[in-house]
Amino acid sequence: MKISIVGATGYTGAELLRILASHPAAEIQYITSESQPGTAIADIYPHLTRFYTQKLTNLASLEKIAADSDVIFIGLPHGHAMEVGRKATAINANIKIIDLGADYRFKNHDTYEQWYKVPHTHRNANAVYGLTELNRSQIREAAIVGNPGCYTTASILALAPLVKNKLVDLTTIIVDAKSGVSGAGRGLNLGSHFTEVFESVKAYNVGGHRHTPEIEEVLGRLAGEDIILSFTPHLIPMARGILSTCYANLKAGVTAEQVDAAYVSLYGKEYFIRLLGRGGCPATKNTRGSNFCDLGWHIDKRTGRVVAIAAIDNLVKGAAGQAIQNMNVLFNIDERTGLDYAPVYP
Amino acid sequence: MKISIVGATGYTGAELLRILASHPAAEIQYITSESQPGTAIADIYPHLTRFYTQKLTNLASLEKIAADSDVIFIGLPHGHAMEVGRKATAINANIKIIDLGADYRFKNHDTYEQWYKVPHTHRNANAVYGLTELNRSQIREAAIVGNPGCYTTASILALAPLVKNKLVDLTTIIVDAKSGVSGAGRGLNLGSHFTEVFESVKAYNVGGHRHTPEIEEVLGRLAGEDIILSFTPHLIPMARGILSTCYANLKAGVTAEQVDAAYVSLYGKEYFIRLLGRGGCPATKNTRGSNFCDLGWHIDKRTGRVVAIAAIDNLVKGAAGQAIQNMNVLFNIDERTGLDYAPVYP
Amino acid sequence: MKISIVGATGYTGAELLRILASHPAAEIQYITSESQPGTAIADIYPHLTRFYTQKLTNLASLEKIAADSDVIFIGLPHGHAMEVGRKATAINANIKIIDLGADYRFKNHDTYEQWYKVPHTHRNANAVYGLTELNRSQIREAAIVGNPGCYTTASILALAPLVKNKLVDLTTIIVDAKSGVSGAGRGLNLGSHFTEVFESVKAYNVGGHRHTPEIEEVLGRLAGEDIILSFTPHLIPMARGILSTCYANLKAGVTAEQVDAAYVSLYGKEYFIRLLGRGGCPATKNTRGSNFCDLGWHIDKRTGRVVAIAAIDNLVKGAAGQAIQNMNVLFNIDERTGLDYAPVYP
Amino acid sequence: MKISIVGATGYTGAELLRILASHPAAEIQYITSESQPGTAIADIYPHLTRFYTQKLTNLASLEKIAADSDVIFIGLPHGHAMEVGRKATAINANIKIIDLGADYRFKNHDTYEQWYKVPHTHRNANAVYGLTELNRSQIREAAIVGNPGCYTTASILALAPLVKNKLVDLTTIIVDAKSGVSGAGRGLNLGSHFTEVFESVKAYNVGGHRHTPEIEEVLGRLAGEDIILSFTPHLIPMARGILSTCYANLKAGVTAEQVDAAYVSLYGKEYFIRLLGRGGCPATKNTRGSNFCDLGWHIDKRTGRVVAIAAIDNLVKGAAGQAIQNMNVLFNIDERTGLDYAPVYP
C-alpha cells in the first residue's frame, strides 16, 4: 500500500513509522509536519535511522498526497483532521483515511461538539469507529476509520463482554485508568517535565476527560441503551503503557462462569487479545512495544462486583498499532501483518 | 523519651530512625533484628551514618529493652508483634507500645483472625487504632497503638468526612489505590525486582488485600453501620508514595457545598492534612519524605458520584511518621515535634 | 537572619525554601520572580504549603530588599546575578550575598568571560568561592560567596586530597559525571521532557561544559599550578543526585596508604563529608535530600590509577544546602544548623 | 535452522526467544532450565504468550538436544557452558554452538582462568570471539562462537577504530560504562531490588569487573600489543541499555579528520553500527529493543583526548541480538534476518 502520514512528528506518527518499517506491504509516500517541513524524519527521531531517508513535507501538498496514496494516517489535532479527511476523500474517491484523533470517533456528532468545543464539519463521512475486535466487518467497508483513543481501547475491551451480555448494572460502571507519560504527547509542558513527573502519581481531568463520552457511546451501543460512567485518568512515571481497572456491580444471579464465558465468547479467537482469565492481573510491561491487549477479571463475592483489568501499550494497541491493524482490515490482508512480534520485556 | 525499635531493619524501621534522628526528645535505647544482631545499623543503612553508632541486638534482650524504654516501636510480622506487646507491657506497666503491623489495629479480633490466619493472643490489650486525626483523644489514654496501614491511612482519610456525615451511599464505595514499591518491603522477591517492576503498572490481590477489612472497620465505626467496600491495590514504578482514588455515590440531594463543608469541618485545623479543595488533584510527589496527607475531592454531576483522592508518603504518614505523631500524642508533646519539615520536592 | 531570595522559582530557590523552613534562625523577608510576581510561592510549589504564605515580588523592589535583608541568595541566570550583587552591596554595606550561579565563582575573570560569553561587571567584589570545606576561613570574611556548581562540588571534593597532596599526575585527570535531571532546571525543553529522558542515559556538552574551568581553577589553586582536565557530564533518568567518577594516574611510588591518609587528613573532621574509605562505592541515593557528600576511592594496581568517586544531592550539597552551609559560616553559627538531618532513603 | 536454547529462563534466554519468534528461519527445538523443567516458558514469561507453547526440558536430555539441533545457544553460568559445548560437539559434529557466557571468549585461557577462577576444560575448541563486525570471516568458519559481553561489545566497538589505527596512546585508555539493571540478571539480590536501585546511581567492581580482560584481549589483538586499561561499570536506574564513555590520549599529530576516517573506514558499511559522527552523543533510548550500536566521538583539543561513546541495548546487541547475528553468519544467511526492525522509542 502507498501510505502517507499527515502530522508525523508526534509520538503516534513516530510509532506508525517504527511499525511500518517492518510491514511487508507498506510503502511510505509522504510524511508531513506543519512545523518542520524540509527536515529529515531521522533528524527528529534518530532511532529511525536506517529505515527512513524521507524529508517532511506539509499540507500545502495535500492534493498530491491524496492523489498518490492508498491510505492516509492522520495525526493532527482534533478539528484539523476532519478537514484533511474531507478534502482528501474529495480528491481521491478510493482513498482510505485512518484518523488517530477524535474527529471520526463519534456517531453522535453533537456529543463530539459538546466535548471537543468545535463544530463537526464532516458529518456525512463514511466513517467507522476502529476498535478492530468489535467493528471488524464495518471497518472493512468504510472509507474512514476513527481510530480509538488509548484509554478508550483498554477500557472498552475490558468492559465489552460484561456490557454486551448484560451481566452488570450499567449505572455502576467506574473506570480508573493509569497511563504512561507518552500519552501526553511530545509537546512541552510542566506536566510532562521529567523532574515533575518522576516518582509521582496523580489523577487529572477527574470526571472531565474527553475519552469518557467515547467509552460511553461505544459501550452504550453494545448495551442497546445509554450509559453514563465515571472515568478517572492517572499519570504514572513510565513512558509507555495503560492499565484500565474497571468496576461494575454484577446483576443478581450472574455467576462467575457466565462472566468467564462472556470473555471467552467475545475474545477467544482474537489474536491480539490475550485472556489471563479469572483472577489474572495483567501488567503493562508484558505488552510493551506490541499490539496485544492483556485482560484479566475478578469476581468479588463480598461486594458483588466484577473488576476487569486491561493492559496495553498506549502507542501501539492504543494508537499506531491498532491503526495498522485497521489498515490491514481495510485492505483485506492478514490482520497481523507487520504486527506479529513479541512485546519487549523486560 | 527512651525509645526502642524492635524489628528495625525493614524500611519502616529505617524510616523511624531517619525521622527520630531529628526529633529533639528522642533517645534511642535499643534496636533489634533477629537476622542481623551485632551489626551496626549504619552498615545496613549507610544513609544513617553520622546519626547512629548503635548495633542491633535481638529479642533475647526483651526484658531489658522493656524495662529501659518509655516506648517501643514494633516492626515485626503480624502474629509476632502481639507477643512482644503482651510481654513488654507485663514487664513494664508504664511502657507505651506502637505497633506498625496489624496485630492491634482491629477492634473485632475475629475479623483479624479471619484475614490474618493466626489466633489473636492479646485480646485484652488497652489498644487503640492510631489514625491520629480521627482517634487523638483515645490514643492519648492508650497503652498500645495499632498504627494504621499505609493504604488504609490514605483511604480512610479520603473517605472519613463523607462517611461520617452520611453524605454517600455506603454500599457504593470503591477504593482504587496506587503504591510505590517500598510498600512491599525490603524482602527479596521477583515482584520487587527492579527489572520486573520498572516501566510497568499492575493490580494485585484484587478483592483480597488485608487492608480491606481495616478500612471497612474504621469507616464502619464512623458511619455507625457495617461497610463492605471494594479495594484494589496497584504497584507503581516509584519508591515512595500512595495515591488512593475513592469513589462513592452521593446521596440524593447532597450538595457540593455540603461535601466541602464535611472536609473543612473534619480537617480544617489538622496540620498534617492539607486540603486542596474541591477539584484538587494531589500528587504523591508533593508529600514525599513528609508526614502530610494531601486531599482533593471532585463532584461528578453526570454520575452523581464523589471522587475523593488522598496522597501520602507510605513510609511517613503511612507508617513511621504517623507512628511518631502518635508517640508525640502519647507523651503529650506538640504533635508536630520532629515531623515539621517540608516534603522533598522534586 | 533576615533572608531574601532573588529568583526563587527555580528548583534551587524552592530547595532553599524547603531547607530554610526548618532553619531555626531564618526569617524569609522577600522572595522574587520576574515572571510570576504577585503569585504565592505555595501556588507554584504546593509542597511548601504550611511553610510559606509569602507572595513573590520582583527586582523593582531591590532597594527595599537589600535594605531589609541580612543576606540575599541569588538564583538568577549568569550575568544578571552580578548586577544584583553590585547594586545590593552598594545599597547595604553590611549585606551578605550568596550567588548560586557562576558570576562570583572565578578568581580569573577572563576565564569566566571566555566560557560564559558576557563581560564581568563586578570584578572588584569581595567574593570567595564557596566550597565550604576548602575555603571556610575565607568565606567567613567575605561579603559575597560564589556558591559552587553541582558537578564541581562533587568533582572537586573527590579530587582535592589527591591534587593538594601531589599524589597524582595532574595531566591525567578525567572526570566522568552523572546527574539527575533536576540539574537541568525547571525550564521546559525536549531534553528534560519525561518521555525522552526516561529509560535513557547519554553524555552531553562533551569537553565543553562550563563547570570544567571551575573545577580546573579550584584544583589548580590547590595544586599551585595550572590544571587542564577532561570533564564529561551525563544525564541519568532520576530527579536528584550527582555521581562524579574521577580518574588520575598515581605518581610513581605513591602508596595506597598515602592516598587514604590524604582523604582522612583533609576530610576526617568534616561533618558533611562521609568517607566510605578505600574500596567504597557511594550511591547517590544515600545522600538524597541531604547535605552530605559520600566519598570512596580505589587503587587500581594494574593501571596505576586512582579512581575517586563522590556522590551528592545536586540540589542540596550541590546548590541550596551548601549555600545555607555558607550562610551559617558567614554568620558564625554552627555550620550544621538547619542541615543536620538524615538523607531520605529509600 | 533447528535451534535449542540451553538455560532459557534468564533475561538473555527470554530475549533470544523474543527475537527468534520473528526470525523466518528459526525453529525452536528444545529449551531447557535446570530449575524449572516441565514448566511452559509462557508461564514464566507471559509476554511470550502466542509465540511459544513449549515446555522447558533439562540437560538430562543433552544427547537428544545435540542430535536434533543445528545450533545451540547456551545461557548457563561460566564453567558450565564449556561442558555443554564439549559434549554437544562430540555428539553432533556438525552442530554450531553460540555461548552467551564467557567460556569461549578468550584466546588466552590463562587469562580466563585467572579472572573466572575455574579451570578451562575445552581448550581445543574451534571457537571464535563473536563480535560480528570485527570477526565476521572467522565466525563463518567456526564451530563455536563466544558471544561477547554486554559492556565489552559497546566498549570495543567504541575503541576499535582508534586502537586498530594506532591513533591513541594505548596506556591511556579509560572506559566509564553505565548499564541498566537487566544486565544484573533475574536472580534476586538486594542490589537489584527496585527500591534500592531506583533514583540512584553508583559504580561497582571498580577495577575488578570481568569484562576488563575481555576488552583488553580483543583490543590488544587489534593493536598488536598488550593493553591494560581502566574499566568502571555503573548501575543506572533503567531496565535496558549500556553507554560506554571511552577516553584516550591522541598521539601527537593525529588530526580530527584521521579519527573520523578511522570510524568511517571500519564501520561505514556496517548495517548495525550507526555513526553519529564527530560531536555525536548517542542515547541508549535510541537503540532500545534493537540490535543497533550508536557511536559518536569527540576531540577535546584542550586536553588532547578523544572521547568515544557507544550506546547499545545490553540484551540485544549486547547479548541475544548479536548472538542471532552470529547465527545468521554461521548459516550464511543475510546477517540482518530477524533483526531488522526499528528501536522502540520512546
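As written, the chains take the letters A, B, C and D, and residue 1 is the first residue of each chain.
Following the convention adopted for this analysis, a contact is a pair of C-beta atoms (placed from the backbone, for glycine too) under 8 Å apart; a residue touches a chain by one contact, two chains touch by 3 or more.
Since we're looking at a predicted model, the values are computed, not measured.
Distance from chain D peaks, on a Cα-centroid basis, for B. We define each chain's centre as the mean of its Cα atoms; on that basis chain B and chain C are separated by 36 Å.
Mean C-alpha positions place chain B and chain D at a centre distance of 46 Å. Centroid to centroid, with C-alpha atoms defining each point, chain A and chain B lie 39 Å apart. Shared interface positions of chain A, i.e. residues touching 2 or more other chains, are given as 11, 180, 182, 195-196, 198-199, 237-240, 285-286, 288, 346.
Taken pairwise by the contact criterion, the protein chains are fully connected, each one touching every other. Remark: chain B residues 11, 180-182, 184, 186, 188-190, 192-199, 237-239 touch chain D in the complex.
Those residues of chain A lying in contact with chain B across their complex are 172, 174, 176, 178, 180, 195-196, 198-204, 206-207, 228-230, 232, 234, 236-241, 243, 245, 247, 279, 281-286, 288, 298-300, 302-303, 305, 307, 309, 311, 346. Considering their complex, residues 11, 14, 17-18, 21-22, 45-51, 182, 198-199, 239-240, 271, 274, 276, 285-290, 292, 294, 340-346 of chain D touch chain A.
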